[in-house]
Amino acid sequence: MDILISGLLLGGTYALIAMGLTLQYGVARIMNLANGEVLVIGALTAFLVYTSLAVSPLVTVLVIAPLAFAASWLVYRILLLPLVRRAKNQGQLEVDSILATFGMGFFLVGGMVFIYPELFAYSYLAVPVDLAGTTVAANRLVAFGGAVLIGLALYLWLNRTRAGLAVRAVAVSPLAAGLVGINVEKTSALAFAIGGMITAMGGVLISTFITLDPSFGVIFTMKALIIVIMGGVGDIRGAIVAALILGVVETAVATLIDPGLTLAAAYTIFLLVLLFRPEGLFGRRPA
Amino acid sequence: MMPASLRPLLVAGGLLGLAGFVPLVADGYWLSIAVTILMYVALSTSWALFSGPTHYIALSTGAFFGIGGYLVGLGMSDYDQSFWAMAAIAPFVATGLAALIGWATLRLSGVYFVIFTLGLAEMIRNLISWIQNNFLGSRGLYVLTDLDERHIYWMLLAITAGVFLFGWRLGRSRLGFALRILGNDEEVARHVGINTARTKILMFMTTGFVAALVGAVVAPRYYYIEPNVVFSPELSFIVVIMALLGGTRRLYGPLLGVIPFTLLWEVISVSFPNATTMVLGLTFLLIVYGIPNGITGLLSGFAARRSA
Amino acid sequence: MTPGDPILFVNNVTKRFGGLVAVNNVSFEVREHEVMGLIGPNGSGKSTTMNMISGALKATSGSITLKGHDLTRAKTFENARFGVSRTFQLVRILPELSVLENVIAGAVFGHKRRWGAEAEAFAAGLLERVGLAERITAPVGSLTYIDQKRLELARALAGEPSVLLLDEWLAGLNPSELKVGIDLVASLRQEGRTIILVEHVMDAIRSLCDRCLVINSGTKIAEGTPDAVLSDPDVIRAYLGEG
């Protein structure tokens, strides 16, 4: 029961990161391997403003959202759009975007190393709370609550607004979306920016209960990718379920066997998905 | 496809002979640089044999390299095996692992493969650390041999020569032709009768073999093998960068990327150790936005312009 | 050449995509040296049928055999080795290979295999056969649309297939190119090749096909000589709508 609750709480934050990535890959067609670094930037910012200015992460998360949105939007327009335009096919765009976002990821890690080259953590709301007989730290609960709110807002935006509809249309087919008058480049930029925003917000939330250092990004990228593939590319609902599964499995492995094996656990899940359901949990087998 | 010309072979043989004399004139610092360069030439050339034509970006070099070094350390320290026996066994273990990974991922789209290899070195390192701590006892693994830098250099030179010879033969073989076709259009490749999955898995296995062999051969350089050192995710990226910087369309392309980048990396690691990651990032960006076909691409561009 | 015995058997083949039935219980045979037209309105299941023969898609039920080889569950590359070759609806050239290598690609791994000088000579012969002899050293990127189509045809012929699938090979050609294209396919017919062609150009169907199969909404609605099926009331209704 302990494992289940802590796992679900962790999975909530994972879901947020994976949602960010699935927007970027599923809609903007950019396999963003710098996703984890964006998360670490969010976390590092929260840490720095909390320790130096005593600003609550709950404030930081609201401040960082527009900043991350704007930065991601600029990255898409300036760096990624030229790759989209020059790509002759999806395969070439995939290779180019993988290499370019690797470059950006390393660049960001390099920048963060200059600012803070060590492990960082701070104590925020580290008080025990009793939840259905299980003791959990309040910060995990708050982070989970934040993840649920952001996820809900995203869901409503995608399903209740015109812009959200355009995003979903581009996810299904950029070509067809363009034919019905949707500005595909603009919509892709929007989806990419929102993806980056959500990821950075997830980073702020996760920093309240996890110790990080500037180089940890790649692990989160890896986990987010596994979740996205397990959930089915572009499938928000699948990503949420997959994230919760990963959260629970990781927590179980960390508690019952060894905390050093969480990545191996994630890989095992990944392998099972690749072998048995490469189209995702809810995906239909491609014909 | 071309009529087999022997000139490149002669040139390569001449260079090889010259390279063999390096340890007789260089020592200490420069010999160690030369060893590093050879190590990366072997790794990135074999990487390019698979990833160049197929465009499947393999980030598994660090994992296979680590398996080579780790198995040598494990065999010599805990099982009383000779260096030579372990250096012979390790590549086959890596090849087997590559076959399994290839079988699970290479039948699907390229993205799955990249992602799977991305965390592979880290995952194997975690797994091995755990096994070592819980079952084998956390004793250190020592690689004590009579081999000095010169011997390692010559062994690496032999491996590099082998990789080049293999690459040269591959360029003239059906397998190499199949790789080029599937790199252009996998759908067409299947329709002209190419078993695309088998072709990709075979080539991925050869890169795994070479990386583990190189890892095993340079193990005596470390004396003391620790999973944290030999399973370096960074190595995978450096190899990719060097190969792409040089260009993957020519067999000698990666070589032209390895030499400048190794020297640059040496300078940066010594003078600005905090900036290494950033340099890695900037080089990736430079390649994607500035020289997508690498240095060899630039050179052949110049040549084409001059003759035009 | 007069058609010989049947070599390709398509038996009760059905293909479902989720709930959609793209091809519904279709059966037909193709005889050796025969040119068979596969026609029908857009979305009727022609391309799906071609894709099942070439192995790009697997049938949900039914069976396809070619000269005793079961193509139904085989992998795409195995179908090629069993003797199926095809061109694609949207022309697919290998952009980084030379013109000659594009053709050799079809000769090395498929049904009849050649390699080295033999493959080069054979491919050069095929380039001449499709009218590309002068373009043999041209950069692939400089080929015109019809030349790309010719190159793809040469590649498909390079494996000496038992059955050649031409998926709208004449589509997108201008009137003068169309004449050249039809003549080229006609000359393949003269040679006695076995061909299935999916086509919308009615003139081509009339002049090239020994026999036609009409499918609509995934179901076979007519089979016979071009003139017979094109005057069949069911076929006319399928093309013009229920009106």
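By written order: A, B and C. Residues from 1 in each chain.
The rule is short, and it goes like this: contacts are C-beta pairs under 8 Å (C-beta built on N, C-alpha and C of every residue); 3 or more make two chains touch, one makes a residue touch a chain.
If you want to know which protein each chain is, UniProt gives these names: A, B = Branched-chain amino acid ABC transporter permease; C = ABC transporter ATP-binding protein.
Values in this document were obtained by computation on a predicted structure and should not be read as measured data.
A.B. asks: When I count C-beta pairs in contact, which pair ends up with more: B-C or A-B?
C.D. replies: Output for the comparison: A-B.
A.B. asks: From the centre of chain B, which other chain's Cα mean sits the farthest off?
C.D. replies: Ranked by distance of C-alpha centres from chain B, the top chain is C.
A.B. asks: As a quick test, compute the distance in whole Å between the mean CA positions of chain A and chain C.
C.D. replies: 46
A.B. asks: What whole-Å value do you get for the distance between chain B and chain C if each is reduced to the mean of its CA atoms?
C.D. replies: 43
A.B. asks: Chain A to chain B: how many Å between their CA centres?
C.D. replies: Chain centroid spacing, chain A to chain B, equals 31 Å.
A.B. asks: Send over the residues of chain B in touch with two or more other chains.
C.D. replies: Where chain B is concerned, no single residue meets two or more other chains.
A.B. asks: Would you please write down the residue numbers of chain C that are in contact with two or more other chains?
C.D. replies: Expected reply: 95.
A.B. asks: Under the stated contact criterion, what part of chain A meets chain B in this complex?
C.D. replies: Residues of chain A touching chain B: 31, 33, 79, 82-83, 91-92, 94-96, 98-100, 102-111, 113-114, 117, 215, 218-219, 221-222, 225-226, 229, 258, 260-261, 263-264, 266-267, 270-271, 274-275, 278.
A.B. asks: Which residues of chain C touch chain B once you look at their complex with the stated criterion?
C.D. replies: 54-56, 75-77, 80-81, 85-86, 88, 92, 94-97, 101, 104-106, 108-111, 115, 120, 155, 158-159
A.B. asks: Given the complex with chain C, which residues does chain B contribute to the contact?
C.D. replies: 1, 174, 177-178, 180-181, 183-185, 187-196
A.B. asks: Under the stated contact criterion, what part of chain B meets chain A in this complex?
C.D. replies: Result: residues 55, 57, 104-105, 108, 110-112, 114-116, 118-119, 122-123, 126-127, 129-130, 134, 233, 237, 244, 274-285, 287-289, 292 of chain B touch chain A.
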